[in-house]
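Some structures to go through are shown next.
One chain, subunit A, appears in both complexes that follow, with subunit B as partner in the first and subunit C in the second.
Take a look at the complex of A and B:
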């Protein structure tokens, strides 16, 4: 982390970048938040640890419109989103100084809470320095240790790899934390009967409070005008516009990012209700891979996205019924 | 005590037909006096790729029991490539509907040219029969149990 701060200070002081986009400590030991740093002395608040899960690519859409360059810290999986945004002309590569930061898996505090860890006062072992084996929580009930992998975010169990796809320099070591099959959950649902599938999704989706967090955090959801915003009132964005959008929100949201979703997992991470939203996105990715060939959004900046492309021999939609 | 109604189930079926092929095909079916069920409500669209996946979801939400999309045969699109894009989109949408547990027989895509009045009427007859066997659509109107 110190190396990162030193480099940021250097860049800010030399005037090469006008601001640094990173994380600052939140009010709890486990909730750092994305932040801009415009002066070298502000960097004392800068943090980078295992809880810095936020994908900063989306902030670059706004930062690209500002004067001067922005130094942005991107983890390996965030760089896929950045690449995808370059492809869609939503960010300006020239306006970004990308520092690829090392990542050894990010943490999900909800998982720790589910393991019975409460009253957390401080956390150690979340610094991205050593091997990231154990995580120690100092709680008001005493010290508790858990294996790092047990409290890792779902997306880190299906890690896309430790290579940064786009960067100006790399600071820190990364580790591939993949230990599960990416489509295993999707396949499990696919094997259910229609009644079971419907019951499963109904129980999951009825938890939704339409806070729009999944939409707001998604780097692929970058339309200036969103179909889910009310056309009548600016302030009414969070209220459901009509019952249709209310009910179909999740299917429509997933469809709008189909073929562009890099599977960064931010939607599931930010959901306050813990809905596994990545299951929708991953289903589309799985189908696209199956029907139109392997495709990973954000791997490059010039290929055509599956839904803006076609071949004469594409499968007919009836395949869905035929494969049973 | 309940009031028993003896009404026969009449499905509501929405057919999106592209202006250049399928709509003309439906016209031909009509002028050749080929019968197809009156349950089919045709909506004319400029091209099959005009059909946004949301149109289909909206139709179901408004009470449709089945939705069928008809367009020109691949390669024959009036706008050259529209139906290729429609094909990809619909494949993914249908697969998603299947994934969330909505019977996949309620949606269909069929390529009908302007000369295929017979195919149009046959397709519609088959589709209506299929929807008859599936019965009323309740699931798509009720995905978040907040009706």
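Take a look at the complex of A and C:
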């Protein structure tokens, strides 16, 4: 972290960047939040640790409009989102100084809580300096240690790899934390009967309180005006009054980001109700892979995405219909 | 608020027999915005149109809904009537209560209910319609014909004779197509080459016709009147300007083992070759896969013997980009592969051949110099069996469901020619039905039976079994006699089903022209627009549209030419005003719409916008309305809903759906 702060200081002082986009400590030991730093002395609040899950690439949409360059800290998986935003002309590559920050898996405090860890006063082992094997919590009930991997975000178990897809320099080591099949959960749902599927999504989606956190955090949901906020469409103004509407919100959102979603997992990370929203997107990704060949959104900035392209090898619609 | 008039047509009894039209009038009158509703026996008649005009004027209507037949039938009629009465033609909506309702339902109560709903949806839409004005686009006075068989040649000649430039693109090294492979033609038995060659020569010599052989269409963009086409001219490795067509290179070429495409693989050709003697152009091509020079770098004999110095091993493929006002597809057909028909032993015995192969066997320039002989041992056959409908009229999925149409006639032709030339050969034909409608066709078939003694057996063949002595045991059935037949034959000829040239799928996709499940190109209207593709500016000629014989093909080729000429004769075309438009304040500038646009109609501008007081420069999609065809692909791809189609806006369509679900 110190190396990162030093470099940020240098860049700010030399005037090469006008601001630094990173994280600062939150009010609890495990909830750092995205933050801008415009002066070198402000960097004393800068943090980077295992709890810095937030994908900062979406902030660059607004930062691209500001004067001067922004130094932005992107983890390997965040760089996919950034590339995708370049492809969609939503961020300006020239306005970003990308520091690829090391990542050895990010943490999900809810998982720790589920393991019975409560009254957390401080955490050690999340500094990303070592191998990130053990996480130790000082709690009001005493010290508790857990395996780091047991508290990792779901998305880190299906890690896309330790390589940054776009960067100006890299600071810190990364580790591929993949230890699960990416589509295992999707396959489980695919195996359900239509009735079971409906019941499953009904029960998950009925938890939705329409806080819009998933949409607001999603780098693919970058529309200037969301259809759900616009008076131009009948989808606006609808309160969460019936079960139909809440389903439609997530289904429409999944369609809107289909083929553009990099599977960054932010939607599920921020959902206060713990809905596994990423499953919708991952189903689309799985289908795209199967129908059109392996495709990872954000791997590059200029290829034609399968859903907005046509080749003679494309599957016939009837095959898609048959498969469901 | 609109002032809407609703006009319900009886269409004689077509609608009125199944739909209670009075009830539709009564219900429509209650819809929001409707100030006038009436019914009439024939709305499309002059009197019906007069009623519409009168109501528009008297009631100051701002929009009308006509509940009648399909808009494909009479939308233009009613738009015209509205325009003459002073109403913008795009304020007219059609509720299709005939094809979508009365024709497909029997129950009057149910059908009436549905008709009311369809009317309601159209009224909901017209409430949101806005007047639109068509633009104009230019017409490039040049036509492209894809395919250089008899269909393509005839179309090109007719267009060229009318004074317009025509380009023919032919995939193979020569024009001529399937007809050039035929020996004789029914029902007159004149030599195919004798009647085709003059046409080929005429096309080649015509000052208005340019022929690109050994070439393929690579890319098509644009729209009716203004297509831009990339043509890939494959390298021949022979300079057409220098080559004299002397043929020495082909004689001296040491690589002579490639199967001759022209002779259907029944004999071989050299690596440098012209497909047949009358080929146009009479310029050989080098088959790079067979050429020793190309494969090993050593040889070069053709180059050494060429007096004209025409051989050029360095020649490259060339892309020619040309603009066209009209495109005619004439891609023709091939016979189906017989892999699904192992029972006929086609792949096991050289003496089981397709009819097209028999054409080559009978032809003086063919593999046997025109002598009828078994391909296995060169012996003269005594017993010949013809099997009809191999892959045609097929009930299972092995072959084609349709009748290939030409087989009954060419088999009668083959049978007659064989009996005439070799009276010692017995000819038996197994058939399901003999179908010979056409001028002088049935007489032709009768002649085969009555004058030439061809033995026709109604029934199918179950199996052809090659015997150790080289004979073929044909196991069939005689349905009229109700008995099994076992017959020894020396040769078996399969009347193999024809199918559209497989390349047509690629071409149809490039042209956005629709094809049916059998890969035949779809005509715009089965009866009234048989040579037009539903895609404006694209016309159909020959078997690519459906099975047909030479006279029919030539007739259709002429018809396609006339339609193309009708288009080329215009200086300007009115463009459809139902084009896409981006809402500047909603557009993200993400390029998704431009990626999906098949017409290249969308570009981007850095534009200053005022978004509720926020002034900023944004990347915004701009639609070129002259290029936009209103397909709507962008409107569904746009994630923010900024793209909308004028005349078919998202709100209008949702309003229709809401009206239906109400």
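Simple rule for what comes next: the second predicted complex is superposed on the first by the 300 of 324 C-alpha atoms of A that agree within 3 Å, B and C clash if a C-alpha of one lies under 4 Å from a C-alpha of the other, contacts with A are read in each partner's own complex, and residues count from 1 in each chain.
Simple rule for what comes next: a residue touches a chain if its C-beta (ideal position, glycine included) is under 8 Å from a C-beta of that chain, and two chains touch if they have at least 3 such contacts.
Small disclaimer: the values here were computed from a predicted structure and weren't measured.
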Per the contact definition in the header, classify A:312: touching subunit B only (first), subunit C only (second), both, or neither. both
Between subunit B and subunit C, whom does A:65 touch in the aligned arrangement: first, second, both, or neither? second
Could you tell me if A:90 is touching subunit B, subunit C, both of them or neither one (first, second, both, neither)? second
In the superposed arrangement, does A:225 touch subunit B (first), subunit C (second), both or neither? second
Taking the superposition on A as described, I'd like to know which of subunit B and subunit C A:304 touches: first, second, both or neither. second
On the A-aligned overlay, A:188 touches which partner chain: subunit B = first, subunit C = second, or both, or neither? neither
Per-residue touch tally on subunit A - higher for subunit B or for subunit C: B
Taking the contacts subunit A makes with subunit B in one complex and with subunit C in the other, which residues are shared? 227, 308-310, 312
Complex contact set, residues of subunit A against subunit C: 65, 87-90, 222-227, 230, 232-234, 256-257, 260, 304-305, 308-310, 312
Subunit B touches which residues of subunit A in the complex? 186, 189-190, 192, 194-202, 205-206, 208, 227, 243-244, 246-248, 251-252, 254-255, 258, 280, 283-284, 287-288, 291-292, 306-312, 314-321
Subunit A contact footprint on subunit B (complex, rising order): 53-54, 57-58, 61, 74-75, 81, 84-85, 87-105, 107-109, 139, 141-146
Which bits of subunit C are touching subunit A when the two form their complex? 505-506, 509, 583, 585-592, 595-596, 604, 611, 616, 619, 637, 639-641, 650-651, 654
